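The structure is given below, and queries will be raised subsequently.
Note that the chains take the letters A, B and C in the order they are written out, and that residue 1 is the start of every chain.
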Amino acid sequence: MVGRKVILKIDKGMAHPGRVALEVRNLVVRDDRGVVRVNGVSFVLKEGEILGVAGVAGNGQSELLEALAGIRPLSGGEILVDGEPLPPAKHNPHAERLIGIGHVPEDRHRVGLVMPFEACESAMLGFHYETVYGKGVLYDRKAIIADAGRKMEAFDVRPRAPLLKTANFSGGNQQKLVLAREIERNPKIMLVGQPTRGVDIGAIEFIHKRIVAQRDAGKALLLVSVELDEILALSDRIIVLCGGRITGERLAEDTNAQDLGLLMAGVDERAA
Amino acid sequence: MSSPLKPLPAWADVALIPLINVAAAFVISGFVVLAIGENPLEAVQILITGALGDLEGIGFTLYYATSFIFTGLAVAICFHAGLFNIGVEGQAYLAGLGAALAALYLGFLPGYSLVVVAIAAAALFGAAFAAIPGYLQAKRDSHIVITTIMFNYIASALMGYLLVDVLRVPGQMNAETPGFSKYAAVPQFHELLAPLGIQWPVTPFNLSFLLALAAALAVWLLIWRTRLGYEIRTVGANATAAIYGGISPARITIITTLLSGALAGGLAVNVILGQEHRLILEFTGGFGFVGIAVALMGRAHPVGIILAAILFGVLYQGGDELAFDKPKISRDMIVVIQGLVVLFAGALEHMFRRPVAVLLARRTTQPPI
Amino acid sequence: MELFDTFIQIFGSGIRLGVPLILACLAGLWSERSGVVDIGLEGKMLTGAFAGAAFATLTGSAWIGLLAGVAATVVASLIHGYASIDQRANQIVSGTAINMVADGLTALIGNAIWSQGGRTPQLPDTALFNAITLPFAESFGPVPIVGSIYRHLISGHDIVTYAAFALVPLTYWALYRTRFGLRLRAVGENPAAVDTAGISVRGLRYGAVIICGVLVGLSGVYLSLAQAAFFQPHMSAGKGFIALAALVFAKWRPWPALATCLLFGFLDALATRLQGVELPAIGAIPVQAIQSLPYILTVVLLAGFIGKAIPPRASGIPYVKER
């Protein structure tokens, strides 16, 4: 259908994990109604690796991601970036972007993009204060449109129409726009949620390749996905969340769907 | 009823549908006029000649339009942030207090700097009065619609007390302050044009009109060409995405309501500093609410707002003439038209999409003969 | 004893001032519980008041006035309902439009017919809802305390007042003890679930909007046919908005709504009573301070100093059927 063979298994080289970029200790996070969703989670994320977070939807992955990105407050535990605890004053999306933490949210419609905006405006979200868009008080429209054009070119977003409303792009192109925006800033840590949900096959391949490329460039990537195939294909190391706790940690090459499936259900055969 | 909005060509979206909405409001108003026993077409004729028939009418029309530009901008800027500021009436009223206090007690300031300070005071007082509901919405989640409505009544009571008991000229019957000095006056156009040899009839039309146009330009630049404007629009379009983007909806709510209150002050500048030259009771005359209709009709865009404001200026000036000629069609008719505009341009704005889409489709799919 | 009599007087006034609030508050309750936000209570109250007074003046009958008032208000409610339910409009804008149109139209028509600046002529007692003396009120009167309460507070109200009080337990029963009420509450919290169960979300919401219209129509009719004896432009003076605030305070429940509205009525009466009275330290309270007390209190209430109020979950959100 696409005209060439589509690779679902990523051609991915060995990971060369470096030092610890992000560490999470005993994290406790509550949802909007005060119910504990992340119940004492601890793990490390190293540079140059993709850490996959597997689990059935609703077991705390979303809240974990939001808490790490600074959107949701912590009810306990701490986050350490480069070994330093993240102070509450810096636990918000803006400060985290400045530190170098990028976030591709799980829901591009409700969170990652602004549907009524032009694509070039959605492409600024989170970085709209940067001087590349205008040095004085006023924005430089030409610069904004040019920047969006560059992003669209680099990430093959179609159509190449920076003035088109974000809502009028297909799911895959919208997602590529989000990725373009977050990756272009060169963050050292990336939090990625459901990157290929609702995305067409061709775009999935493209997005997966870019994620691996980021890893190979030495970035630390946290990948949350409910697609087990995606987790297994992309991750170097996998942790499984069930009921807000980590039920197991595996190296990608040491595990498979059955093993992960059991962990997702709360059973750890190897622990016995 | 649950089908998605039919896509229409851009020109239909931006121009045709809004025009149809406004037309619907006027057609229904026409039926109301008919129902109370008058001829709508005759009424329209009296209205238009009263508003645009001579220079005096035009002067009054533009004077009213100036007020509506300010209140329309005030409501519109809040719309962009997803807020409904119904309190422009009260904010403008308090702004008048600011202007009056400056004019009456800062007379020691040199020359015409007094009027500049008075204008600033009006903006300041308007902003401060808007800040409370804004703060309550931002930090305590108090619905800004209800709080601003309450604050309108509070403003009325407060200003009534001040004008009757505190600021009134001693011994006078009317509840109003002493007159302001000429240095606290915004010059009227007929005064400015007279030395140039141009004979313009005496109307309240004053330089605030230029201030209003400048404000419209400033609002346009702010909303679409600055970082703050981007943040305002993002919060209004999608607060969750705004948070994700590092924008604080609470902060934006407060800033936007402050700006809105300041713009509402323009109404006080136009009426109090431009025409009355003293603080009087209820000078806002419901113009804060007209701002809602103007903002909706103008689709919260400064250009649309200016056009809508002029239209309502025509309605108010023409309406005055009409009420004089036909006592049965009182000033309240204009409020009815205003309400219908809010209904069709605001609430029922998509009602005509389907029929229009069908009409357009039929035209384009006509087989060639 | 004099203090007690004063209290009775104030309580009595409080009830009279609270009745329109109770009815409007219940109206808002029915609407909002089904998910339709109603800012237009003020305008609808005016509509009911005007139509009631107009028809009572024209026919000489208070009951026809009541029917007319309720009918007119239901029409206004249906317009808001159509905009909110079928056109999926912004419900606040729609309510605001209703307020504006009602404000202007009532004054306009009133002036066109009677040429008194929008006021309707004074109505004779025969065309009003008058005080009803309950049995034995006169004879119980002299009985200390209880008799006085019976004679002045419980007896002596008009039929609309008694209806208002009866409507509270009726609303409670209908909302919490009938199938219709359960479905209606469900529609306000999770319309998708109700839809999936095969029940018409649209039908329930229209039903709620009609009930709202009837109740707020009654509150308007009370204003012009029981409290005053005529209609005057803007005579609702913000009562529709205060009723809305009371609804929030009562957290959308019938019995707390009754209590809140009576409280507001009582405070209003108390304030009027204190008008001009010299208090020991402060001196005479300005009239305007008294007048603005209900509005200030509403803001204090909404500022959440008296607990957090969570509206029905689907409140204000138009329902779109999933494809």
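A few notes on this one:
Keep in mind that, in the parts below, contacts are C-beta pairs under 8 Å (C-beta built on N, C-alpha and C of every residue); 3 or more make two chains touch, one makes a residue touch a chain.
These figures come from a predicted structure and were not determined experimentally.
The chains other than subunit B, linked only through touching, come apart as A | C. Counting contacting C-beta pairs between every two chains, the top pair is B-C. Comparing the CA-atom centres of all chains against that of subunit C, the greatest distance is found for A. Averaging Cα coordinates per chain places subunit A and subunit B 45 Å apart.
Rounded to a whole number, the gap between the C-alpha centres of subunit B and subunit C is 30 angstrom.
Work out the mean CA point of subunit A and of subunit C, and you get 52 Å between them.
Those residues of subunit B lying in contact with subunit C across their complex are 1-2, 32, 35-37, 84, 86, 133, 136, 140-143, 145-147, 149-151, 153-154, 156-158, 160-161, 165, 289, 292-293, 296, 327-330, 332-340, 342-343, 346-351.
Interface residues of subunit A facing subunit B in the complex, by the touch rule stated above, are 69, 71, 92-95, 97, 103, 105, 110-117, 121, 124-126, 128-129, 137-139, 141. Considering their complex, residues 221, 225-227, 230-231, 233-234, 237-238, 240-241, 243-247 of subunit B touch subunit A.
Remark: subunit C residues 39, 79, 83, 86-90, 92-94, 96-105, 107-109, 111-112, 115, 118, 202, 233, 238, 241, 244-245, 248, 286-289, 291-292, 295-296, 298-299, 302-304, 308, 320-321, 323 touch subunit B in the complex.
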